[in-house]
Amino acid sequence: MRFTFPLMAIGLEVAMIVLFGLFVQYETDQNVSQQPNSTKSPTVDVDRYLDLYPLFQDVHVMVFAGFGFLMTFLRKYGFSSMGINLLIAALGLQWGTIAQGILQSHGEKFHIEIKNMINADFSTAAVLISFGAVLGKTSPIQMLTMTILEIAVFAVNEYLVVEVFGASDIGASMTIHAFGAYFGLAVAGILYRSSLKEGHRNEESVYHSDLFAMIGTLFLWVFWPSFNSAIADAGKNQYMAIVNTYFSLAASVVTAYACSSLLESRGKLHMVHIQNATLAGGVAMGTTADMANTPYYAMIIGSIAGVVSVFGFKFLTPFFTTKLRIHDTCGVHNLHGLPGVIGGLASIVFIALETADTSAMAMQAAALGSSIGTALVGGLVTGP
Amino acid sequence: MRFTFPLMAIGLEVAMIVLFGLFVQYETDQNVSQQPNSTKSPTVDVDRYLDLYPLFQDVHVMVFAGFGFLMTFLRKYGFSSMGINLLIAALGLQWGTIAQGILQSHGEKFHIEIKNMINADFSTAAVLISFGAVLGKTSPIQMLTMTILEIAVFAVNEYLVVEVFGASDIGASMTIHAFGAYFGLAVAGILYRSSLKEGHRNEESVYHSDLFAMIGTLFLWVFWPSFNSAIADAGKNQYMAIVNTYFSLAASVVTAYACSSLLESRGKLHMVHIQNATLAGGVAMGTTADMANTPYYAMIIGSIAGVVSVFGFKFLTPFFTTKLRIHDTCGVHNLHGLPGVIGGLASIVFIALETADTSAMAMQAAALGSSIGTALVGGLVTGP
Amino acid sequence: MRFTFPLMAIGLEVAMIVLFGLFVQYETDQNVSQQPNSTKSPTVDVDRYLDLYPLFQDVHVMVFAGFGFLMTFLRKYGFSSMGINLLIAALGLQWGTIAQGILQSHGEKFHIEIKNMINADFSTAAVLISFGAVLGKTSPIQMLTMTILEIAVFAVNEYLVVEVFGASDIGASMTIHAFGAYFGLAVAGILYRSSLKEGHRNEESVYHSDLFAMIGTLFLWVFWPSFNSAIADAGKNQYMAIVNTYFSLAASVVTAYACSSLLESRGKLHMVHIQNATLAGGVAMGTTADMANTPYYAMIIGSIAGVVSVFGFKFLTPFFTTKLRIHDTCGVHNLHGLPGVIGGLASIVFIALETADTSAMAMQAAALGSSIGTALVGGLVTGP
């Protein structure tokens, strides 16, 4: 037992190195100039390598600092949640690079670009969301296993959504947020022990742990427009994804505060709502971030997400713990699960209103179903 | 009373959505190509959308994380100041987009660009500065009101400064920093109660709250060059604004530490000075950031600002509290007010030395007067 | 004594302003168009000023927020280490600009670009690394002296490495990390008092101070790819430096966790390892960041660095304190010294394997020797 974790970690790292040796190559200048944009002058080609780098860095801050600090609110798990967060993300980005790359290249060698690094960070984000549901209930060894299994399922679901269904989910409301939340809930259901029902004295925040969590909240909030736009088509689509997310987040803050004050005794604001529900607008905007062609639409989505998220924290989380026997430590169902589903449904509504293309609507519905379905199956298999 | 805040917040959000529906549109590709730079190749046009996005993100971090954490130094108000900061900023950026856009388009529909988002964040920054003066003395409801009123006055003053006077204030020493500080001081004067004179036991920092405040200080410090250059003309002006601010800030750190040690007993450094006066160089550099054509000029400005800010904290703040009956919780007069005025005066001196264009000097003076005047009037009206 | 620090700080700032007045100029548009890339269209020229700005900002966050917070782990020195960090960095970037500029221009006036700001931040980073070795043992006055002397030696060593030896050290494993660590260790050796051997009750972290240190760790971790690529040649080299560092860091996290669990009682992870050894992959990747043409090579470097760093913390640091009479407060030898040497050696091995160019190998060895040698001599001279 004493050596299980070190040996497993070393073994996984060796496996990653071998897989990278077999499959991963750098872009060569030749590859770059064979891209569709090859009519650009050579000088501009030089810049092409790094076009996405600022957006990547924003996403990178979100995954490592944002998710890491968001989970420090528990007074006794602050440091260990940060530590495990870093481990999951560091292993996950290597394995995510391989899993996604091999699927997309159908088993051939593939070249790595900044975009692959963004997608690797994305795959990691799904695991970190699931980690939020099981925080305090798992060992580092279990988290290594979950990282490997969840990212494999994630890559398969993403392949289904993008390549098979041809659905659109640019900011990944469905493939990251809903997927990560339901995967984590399924695992949390397996790990349930009846003692969790009474609550635990460590399951509390203290004043400073709440401030640390706000580091996470704010860096996630600030960089979310980059998350939703990082892999959008350059130009107008990317620009719309940024602006829509900016306003959707702002709207969700206002409605989340309103609902928090409404539901709490004496009109106080609840810290968990401020830390979490203020981000619901970013999650819910994901799928339609590059579709919505007027900002007020984004603000409606964000407003709804803020309301739903606060009501979820207030009423659904206790219900899940006591009735469904699912203990969701960080309330990821309210921050990622429900708003992720809203994001998917919004894309169906939006297509219905704009083009009424029933085939496109069906594909979005299939993507949403696949994201939740693979997550639940994957989580139930991973749990034990 | 119990429902005032929720209803007011929901009502404001609905109003924002309606206003956005009436006035705000996305840029179309056609608009973009009608810009002056339309001789650029189509490929380059695609990039044009996001040229300012990295600078916007730096400003965005400053407004949400920088100002938020800077105000966590009080041991009992840390969390509520962060929470209100986020609420003000989220509502303010929506209202700022509308107020500025309608004024500039003279009531027509307008297109939204990344630059509008920067300006919306800027309008929010003015309110957050004012919030620093009244921290601990107001309710969330009062802050919603203040956000709406202050941003309206802010947009009018900015219109006067830029469109009517044709003055230059690229880094907004006058229109954001001096404006925000004097607006807040006017409100604080109205809210004065004699009990504030004796100080309050909650008006203290503790060890960890000072470290949280340093998160704010450092992210403001690091990104201030982006704040002062974000809306400067691309090319040489933007580059000069960045480099000037970089060196001005560095100089203000050194002189602020020197003065702090000089004024404190036994030569110790005072935490409030480290947290605040180190930023005075960024504030004071604002107006002349894109004018000053030698870095040593920037270092002189920064050195002066660091000295003035520390002396302000040491001598002016107690004087304001006891004699003027204005209780300035965070000392915004010393960080934003005085250095902002220095910034405005520096632009007059600079024009005098370089071109001696008396008309330009008069317009800068008018801009400074307008920023302080509208702020005081606005604050006095808003206070009750 | 009472006035020594203020007068010294003011005097140094005045000296900086005079030196800037004598030597530093802005780029003019004419200079820009005389660059080799002058075939670009005028529109693109405008952008040229800011090409490196996003990378600069990432480095800037690392130097000011990253290094600052990394040193907050001691429960009683958190605030003073942050304060001194800011002072060193603010003075150092001014002096670094001058020292490097004058050496490179051979005493002529020189123009300042974003790249100079990156290099100025780099010179500052070396001093901050040395500061980690002497934290808690020095006064602010001593740190001002050390900043001036160390950056002068740093600039000389960098000149030797780049201009004289023509060696390659793009991410500065040797010239910043090894140099800074050995300089600091030499000073720490001079400052040794036997009371340090028994340890000190302030030499402990508490729960929250460890979380503050993680802010430093995570922002360093996330932005390290920018550190190693900021001054690389645009295009493929820069891209490779980014990707190599990304994967090297990920690998060092996994192996550092494995070794930490292996060496600690009951398989627990040690917080100091999580905070520091996870960064060793970034340090060790520095020299070969733009050479290594396959990512798995980067992962091997990172894996080795993570292992070596943890073993260093566990066994070398106690040995240094008790036997060598060198008390290394933050363990910079394990985070910067050893991984920096690994980085230098890796470049020799890499050249041996790829081209077997013995002259190039000798120059890399000379660079490594020079970095350690000038650091030790400089540190021993500075110490008293």
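Note that the chains are named A, B and C in the order they appear, and that numbering of residues resets to 1 at the start of each chain.
Going forward, contacts are C-beta pairs under 8 Å (C-beta built on N, C-alpha and C of every residue); 3 or more make two chains touch, one makes a residue touch a chain.
From a predicted model like this one, the values you see are computed outputs, not experimental measurements.
Its C-alpha atoms fitted onto chain C, chain B is found rotated by 120°, rounded in steps of 5. The two sequence copies chain A and chain B touch through a face in which the numbers common to both fall below half of the numbers used overall.
Centre-to-centre separation of chain A and chain B, using mean CA positions: 33 Å.
Residue numbers of chain C whose C-beta contacts span two or more other chains: 44, 54, 208, 215.
Considering their complex, residues 1-3, 5-7, 9-10, 12-13, 16-18, 20-21, 24-29, 41, 43-47, 49-50, 53-54, 57, 60-61, 64-65, 68-69, 72, 78-80, 82-83, 86-87, 90-91, 93-94, 112, 114, 117, 140, 208, 212, 215 of chain C touch chain B. Every residue of chain C that touches chain A in the complex is listed here, in rising order: 37, 39-40, 44, 51, 54, 58, 207-208, 210-211, 214-215, 218-219, 221-223, 226, 234-236, 238-240, 242-243, 246-247, 249-251, 253-255, 257-259, 261-262, 266-267, 269, 271, 274, 278, 293-296, 299-300, 303.
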